[in-house]
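These are the structures in question, set out in turn.
Next come two complexes built around subunit A: one with subunit B, the other with subunit C.
Now for the complex of A and B:
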């Protein structure tokens, strides 16, 4: 933990300027949003109920710390844990299938020829499209299956890329040092692919969060995705926006942990 | 005879046609000898080296190292690459110990060997550095130490100093001679630099343009350390250059011909 705090401090020091620029663009966005909702509130337009001021959204967000969520009547932590659980299970399942599949497709032309068409057919299908089928087929696991799909492809493709990118001269070197096929795989191909895997995990987690609303669309009453839907149904728009912000924060935190691990690993491995 | 190459041939497929890279290549190298392979680019010097290493399969002839026919790569033939080919995720020490690790040698023994080699190649203080922290010359010191860790009978070097600047290159040539005299390895060294070959080799093998075979073997016969500015050095250089020039011309004529 101490290490991570140190790492974070160094990151803030190194990226001070970029962080300031980021804050600047976010501020401009918030001011624009505020002005727009201020303008709407002075009109008779019905849209004004749908666009509360950022301050109102922030209030709705802070209210979660004092009382259960107004729409769903449970503490917001229940929703967060429910979504994290889906992301985590979807992630673990995706990792355990995508890594072996990616290694296989990266190292054998035949497996690539077999797997590629399936990947190309299924990858562009929006997770939302699966909802009706998945909820029937997987019942309670339907949401996890949707998150799984989102995380699966980035990991698969990055692992495959990693395995394929192995520098052939490193394989030659290992062979002249006496490595057999198994040793080349374990001691050259695998370590070489680790940074690629981490990139896949980072991208995959981000997409996993993008799928969470779809994953909680039906048949689920907890989770931040459900929170958005239920708040909208009850016209609790400030809470709905706060839930959107919450997803953003959760996504940044989880992918942040992944990229922290990625950076540390790459550095420890001397790759960057 | 440590390396005995007879009638070696190598044919590569290229589209529907084939290219004869090596044809009727003969070379015998004695124990502890330092031989440089020199020739116009594309003459197949590196191919010969890779065939001896067992990284590629020969199409004809025979390669015997210490009396045994080469069928695949083996730790008894260490190789040093122009691109260094170090494992970026391994420290200097772990790179050097790679071959020992593969053979399941225990850590204490590995460490003893790598420490000795780190001393030999002059990398004290960099044991725990990763390759990206090293200069080109230091990287190649690791490459040499890593190949030596397996105690190979022969050291195959594929333009090992080709990626280095002139200063570092000269220094590394001297270092290599020092390491060679300390380890008494048989070395087959590919280069396209006449100067480098005359400075290093006991004998220089000048190859023909493709298909590559031995054009001429020139014994250098100068005492070491060699002085690049001495009359004798320049004389040998001139002789090698004359041989090479003719092959360069042939190679160029071939390149310009429509076929």
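Now for the complex of A and C:
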């Protein structure tokens, strides 16, 4: 307990300036948003309903704690769990495929030559484009497949970069000391790539959340992406914006967990 | 020591007893069952989702019902006409900003005149399936929907083209609005905030009958008097009137019905739209002057989104169907309990009609959560 308080105080001392600056930018954004919304309603603009004031959005957000969501008539927790499930499964699948593939492509010229064209062709395809195909091919798993695609490429490319940028001096030194290929891989290449992997994971999780609206157009009416789609369909704009905020919060939380793991990992590996 | 053990047993017995009592006494509201809906699959993709077993059925507009039947994927469990006889469906909606312009009322009436003439042309063509006009109607419907001739003729036999707005139309709109209030999708406060005293007052004001009445007297014009930006839904055979009215073949081959009444009708930016909701958003953006879409999205987007629009005519009645997979063993509405049915959108007429049909039989209609 004491440790946490102490750590928190130290954290605030170290990062106080950054936190203040962060609050400043968020406040400026909120004020700008509020003014724009105020301008639209005071001029009775046709689009005033489409840009509700931040306070109205906050109200819609708080309403979720009192009553089921208006557009879907289920509690918001159902939506949060549905999306987290998709992100988690997509992430686990992406990690288990992207890491071996990234290591392979990073360490062997041939597998890089083999894999690169496929990566470059498939990487820029927008998730929405896959919907009709994934719907019938991955019956029920289409949404997870979309999230998988979002998370897969950043992890793959970062792991590949990590493996490729291992300092050759380190490898030579290990070899001079009598390390075999397996030892070089486990003791030099792998630890060196971990920070790159963690960057890939954090970027990937963010892109995974970016794909959530598309991922929830494949036979799923629950999830935060569905909340956005359904609220927009019914012109429940405050709820729609609240769902956007919710995605932001969930994304910060999941990448936060990844950062925490990263810090633990780097401490354990003696990099800090 | 013995006492402690005894005490533990007593406590355990009380806890178990309490749990059992709660389980026995706590009866969730007695309902006969729930049917689940999913709104995520677009209408053109529903047939494929049904074929793969991802959904147990879907309710959509024609020609997608007939298409699923004709290629042996599905069979119709219930037509929307059985859910609500003569129910309204697609309507013609006009932007009140457009009507408010100097030429607006005249151009809207001219548009409605062409809409009436096209609808009457379609109705008379349908009377005689051996006539050349019917052959042309099928050809036009094929060009508009990109489906084959047997699909479009079957589709057209399941709906009625109609432009008049009678009292059954307005009372149905009142029923739909009340359903949105009961669902908490809109509220009485929202309706009052838009300046309407009640649901009846809202429907009476939102449906503009005078323009259609006056349109009957509109005379043809030799010159083009103005441009109308037209919105409609992609391949929706309910909205065939605008396609007929925009094609010279339905008249003498020289001028379309729109041109006959002095209109240059152009397809609006973003049209054809994938849903009525998307079309209403384009009304708000100022891209559409007059458009065809379902009545419920027009209502909900006007009330919740402030879309400055008004309903000026009907386009059709009926024409949707509930489709289940062939040989699925589902032979009645009662077999749908715990099954998932795809609906186009929460704001769609199909959602409301199926909800009405299910609730009449005592079933709940809830969003699919797994």
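Note that in this section the second predicted complex is superposed on the first by the 253 of 272 C-alpha atoms of A that agree within 3 Å, B and C clash if a C-alpha of one lies under 4 Å from a C-alpha of the other, contacts with A are read in each partner's own complex, and residues count from 1 in each chain.
By definition in this document, a contact is a pair of C-beta atoms (placed from the backbone, for glycine too) under 8 Å apart; a residue touches a chain by one contact, two chains touch by 3 or more.
None of the values given here were measured: they were computed from a predicted structure.
A simple residue count on subunit A separates subunit B from subunit C, and the partner touching more is C.
When the shared chain is aligned, subunit B comes close enough to touch A:175, but subunit C does not.
Residue contacts after overlaying the shared chain place A:187 against subunit B, while subunit C stays out of touching range. By the touch criterion stated above, A:245 is placed in contact with neither subunit B nor subunit C. Looking at the shared chain after the overlay, A:84 reaches neither subunit B nor subunit C.
Look at A:119: by the touch rule set out above, it reaches neither subunit B nor subunit C.
Of the two partner chains placed around the shared chain by superposition, subunit B is the only one that A:269 touches, whereas subunit C remains out of contact. With both structures placed on the common chain, the touch criterion links A:58 to neither subunit B nor subunit C. Using the contact criterion defined above for the overlaid structures, shared-chain residue A:257 touches neither subunit B nor subunit C, since it reaches no partner. In the superposed pair of complexes, A:30 makes contact with neither subunit B nor subunit C.
Residue ranges of subunit B in contact with subunit A, taken from their complex: 53-55, 73-75, 77-79, 81, 83, 85-91, 98-99, 101-103, 130-133, 146-147, 150, 156. Taken in their complex, subunit A has these residues touching subunit B: 167, 169-170, 172-179, 183, 187-188, 191-192, 194, 269-271. If you check the complex, the residues on subunit C that touch subunit A are 37-42, 45, 48-49, 51-55, 97, 183-185, 275, 277, 280, 284-286, 297, 300-301, 303-308, 342, 345-347, 366-370. The part of subunit A that touches subunit C in the complex is made up of residues 46-50, 67, 70-74, 78, 82, 131-132, 135-136, 139-140, 216-222, 226, 229-230, 232-237.
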